[in-house]
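Below is one structure; the comments refer to it alone.
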C-alpha cells in the first residue's frame, strides 16, 4: 500500500505551522497559488513569517492577505510589482525584501530539494544581486555562486492529487509548485481534485508523492485572474 | 505553426555525426536506449567516439555493438558490469573509461542543458572520484564540485513524439533521456510513435520540443530484456 | 517616428524562421502580432509555456493559462507546459534564440537597467536578469527618451543594473542602433526622423555612418 | 547462521511504517519479501520508479519497466515514474529514509567499498556513491567473510572507497553490528552462532557487550 498523506482539510494540514517560520508558496502571480492554505494562515494569525514566493499577490488576494494583516516579516521573491501594500511596507522599512532573479529562485528551490547546496549561474553577475557572492569564470564567462533554499513548510497547489501525494498541475499553474514541493521539510499540497490510490497514470505525474507530506482537498477555489486579456468574439466579415 | 523537427529516418537524422565526436545516449541498461540510432552509427562506421551513457550495453546489443567494432575511444558511465567486451578493452587499455556516480552523471547532464556550469554534491567525497576536484563544506558536510556535461550530439529514445519534437517516455524507459535531450548541441530523438502536431496533451509532455533538433519514427524495435525476472503463473489454492 | 506597434513591427523583422523567442512585457509582447505568415516561430513565456498563442476569445479565458505578464493567453497546437526550473533551463541553457525586452536605460557598453529605481520603485527583476545574462541575442525595445524627455541611451546607466555588456541591438521610436566597441552605432532611422533628431536624443556616444537608411516598415 | 534470505528478513525488522526505502542489488532486493502486512512502505529504484512491486507474472514482463538491477518488475497502485535527475534529487535530498546495499568491505570507521577491484574488476559505482553520501540511514547487507574466508569487516578498507564514514549498521550471516566511535559494536548474534565465532570472523575492532542477544527471526 502506498503511504497515505491525506489529511482532512486546511486546518489539519497546517497544524504545527508557527510564527517565525520560513514558508514557501507556489504560484506565479495569482496562478497556481495555494489559496486554501493562505486562508488558513490568515485564520491562524501566525506572524513574523519569511515567505519565499515568486510574487507577493495583489492587495486583496494571495499573499496580499497575509501582508494586510502584517503577518510577513520578510519576502524572498523575484517580482512584486502588482501589490501596492507590499511597496508601501517595503519602502517604509516594515518589510524586509530579498529580490532575486526568477531563474535563480526556481533553481535554488530545486537545489534545496535535491541536496545540492550551491551552484553557479550567470544571472545577476555585475548587479547588486551578486553583492557578497563568489564569482567565478567558466568557459570565459563570469558566474555567481547561488545557494540552495529550503523551507520549514512548503505550500503547493495542484489540479489533481492522489492519496500517495502524487500531483498533477494544470497548464501554467505548475510554475514554482514542483520545486517548492521538493524543498519543504514539510510539504502541504492542496488539490482541486483528490483521487484514490492508483487513479493517476504513473507516467503523467509531475510531483512524486515522496515530496509531499500532507495532501487535502481544497474548497471554494476563487482562481482569480490578474489580467483578463481577451479577443472580442465577433463574426469576421470576408472582405 | 510549431517548428517541425521531423526527418525521414535514422540516416537523415544522423547526418553530420562524425568521428571524434562526443555523444550522449539515453537509456538505463538496455531500457530506453536509442536502438535505431545506434544501428545507424554502426553503419556509418564513425570512430574515436566519446560516449556518455549510464551503461555500456551488453556484448551484442546497445553500445556493445559499437564496442565490438571498436568505434568508441572513451566511455563516460556509472555502471558497466554487464559487458565483458567492455571490461576486456578497458583492462587492455584500449578503451578510456571515466566512471562517475549515477546521480552526478544525471545532474551533470541536466546542468549542461540548463546553463549551470558547475554544482556541489556530496557524492564521491573521499573517493577517487573526487581526485583533483574542489571540495567545500556546506552545512558542515564536505561536497565535491562537479562540472556540466554537454555533447556534440545527444541520442534519445521516446515512446511518443510529435512534429514539434515534444516527447513522452514510457515507464522506466525515461531514465537519462530527458537530461541528455537538454544537453546535446544537436539532439536526435527516435520514437516508437510519431504523431502530428497537437496530438500530445501539452500537460503530459516530459521533454519539450525546444530541446530536440531532429525527430524520426524508429523501426523494428527489439527492446531486449536484460534480466527477465517473473513469477510463475499458477493457480493459487485457497488454504 | 514610430509608435509602440511600429517598434514591434520593426523588431519582428529581426526574427528568423525556426526560432524560439521570449518576449518581455509591454512593447515586446506586440512583436508576436507582426511575424510573417508561413514563418515558424514559437514563443516561450518564462512562467512555463512554449507555443504561446493569442489572447483567448472573450469567455474562454482560463485562470490556469497565463503568460509572464499575468495575461490570459491560449496555447497553440504543439504547445507544452513545464515548471519554472525547466523554463529557465531553456533560457540559461541558450535554447531560446532571441530575447526581446524593455528597458529604463541602456548604456553604450551594453549594460541595461530595468528593474529598480532606488527609494521609489521596486518591482523586482522577474526573469530579466536570467534572460539578459544568458541570451545570445538580446534586442531592447523602448522609447528613445523618457517622459521627462531625457535620453535613455546613456554613456553609463545611472540605475541599478539588470545585466552587464549584454545588449547588442536597440530599437526605439526613433532608430535602430547597434552596440559595439563601447558606442551606439546608428543603423536605421525611423520614417520621417532625421539623423540630427537622433543625435539630439542620444546621450551616449553615437557613431553615425555616412548613409543612414530609413526603416522599411510596410 | 543466516542465509541470504535470513539476512534480508532481519533487515526487514529495521524498516518502519511510512518509510521510502531504496534496496540495492543482491541480498537487499530480498528485503521487500519480508515487510510485514499492513506496514506502508514504498520502494524506490534509482532508475526511476517509486512504488515498485514484485516481479511480473510470466508473460507480463515489459522491457520498459525494470529496476536498477535491470530486472523486470511491476508497479504498485500509486506508483510514479520519473527521470534519473529527479530520482537522485530524492536520494541526495534525503527524501528516502533507508538505503540497504551490499559491500565488498566495511571498515570500523564506517567506510564502505563495493565498486572496484583495481586491475581485476571494474563494474562501476552506479548509484551507490550518491546513496551512501546522502542517506541518513544506511544498512549494509553482506556475508561476514568473503569466499576465501577473510573478514569483510576491517580496520580499514583495502579497496577503493565508495563512501567515507557513512555506514551505521551491518547485518551479516553471523551478526548485527553497529558502527560507532571507530569500532564495530556487536548487537545481535545470528541463531546458533557464538560470540567467539563472530570475534574470529571480524578483522576490525569489535566491542562485545556482556550480553549479546540472539536475533529473533520467525
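Which chain is which? They are A, B, C and D, in the order written, and residues in each are numbered from 1.
In the analysis below, contacts are C-beta pairs under 8 Å (C-beta built on N, C-alpha and C of every residue); 3 or more make two chains touch, one makes a residue touch a chain.
Since the model is a prediction, treat every value here as computed from it, not as a measurement.
Chemist: Going only between touching chains, how few steps reach chain D from chain C?
Modeler: Shortest path length, in steps: 2.
Chemist: Please indicate which chain is farthest from chain B, where distance is taken between mean Cα coordinates of the chains.
Modeler: C
Chemist: Go ahead and note the Å separation of the Cα centroids belonging to chain A and chain B.
Modeler: Centre separation, chain A to chain B: 32 Å.
Chemist: Can you give the whole-Å distance between the Cα centres of chain A and chain C?
Modeler: 28
Chemist: Give, as an integer number of Å, the spacing between the C-alpha centres of chain D and chain A.
Modeler: Once rounded, the distance between the two centres reads 37 Å.
Chemist: Pull out every residue in chain D that's touching 2 or more other chains.
Modeler: 49, 75, 81-82, 85, 88, 91-92, 134
Chemist: Hey, what residues on chain B touch two or more of the other chains?
Modeler: Residue numbers touching two or more other chains: 107, 110, 114-116, 121-122, 169-171, 202-203.
Chemist: Once bound in the complex, which stretches of chain B touch chain D?
Modeler: So the residues of chain B touching chain D come out as 28-32, 54, 77-82, 87, 90-91, 97, 99, 101-107, 109-110, 121-129, 159, 169-179, 206, 223-233.
Chemist: Name, in rising order, each residue of chain D that touches chain A in their complex.
Modeler: 18, 20, 40-42, 44, 49-51, 75-82, 85-86, 88-96, 134
Chemist: Within the complex, which stretch of chain A touches chain D?
Modeler: Touch list, chain A to chain D: 1-4, 110, 112-116, 162-164, 166, 182, 197-198, 200, 202-203, 205, 208-211.
Chemist: Please output the residues of chain D touching chain B within their complex, sorted ascending.
Modeler: Going through chain D, the ones touching chain B are 45-49, 54-73, 75, 81-85, 87-88, 91-92, 111, 115-116, 119, 121-130, 133-134, 160-165.
Chemist: In the complex, go through chain B and note every residue touching chain A.
Modeler: 107, 111, 114-122, 138-139, 143, 147, 168-171, 202-204
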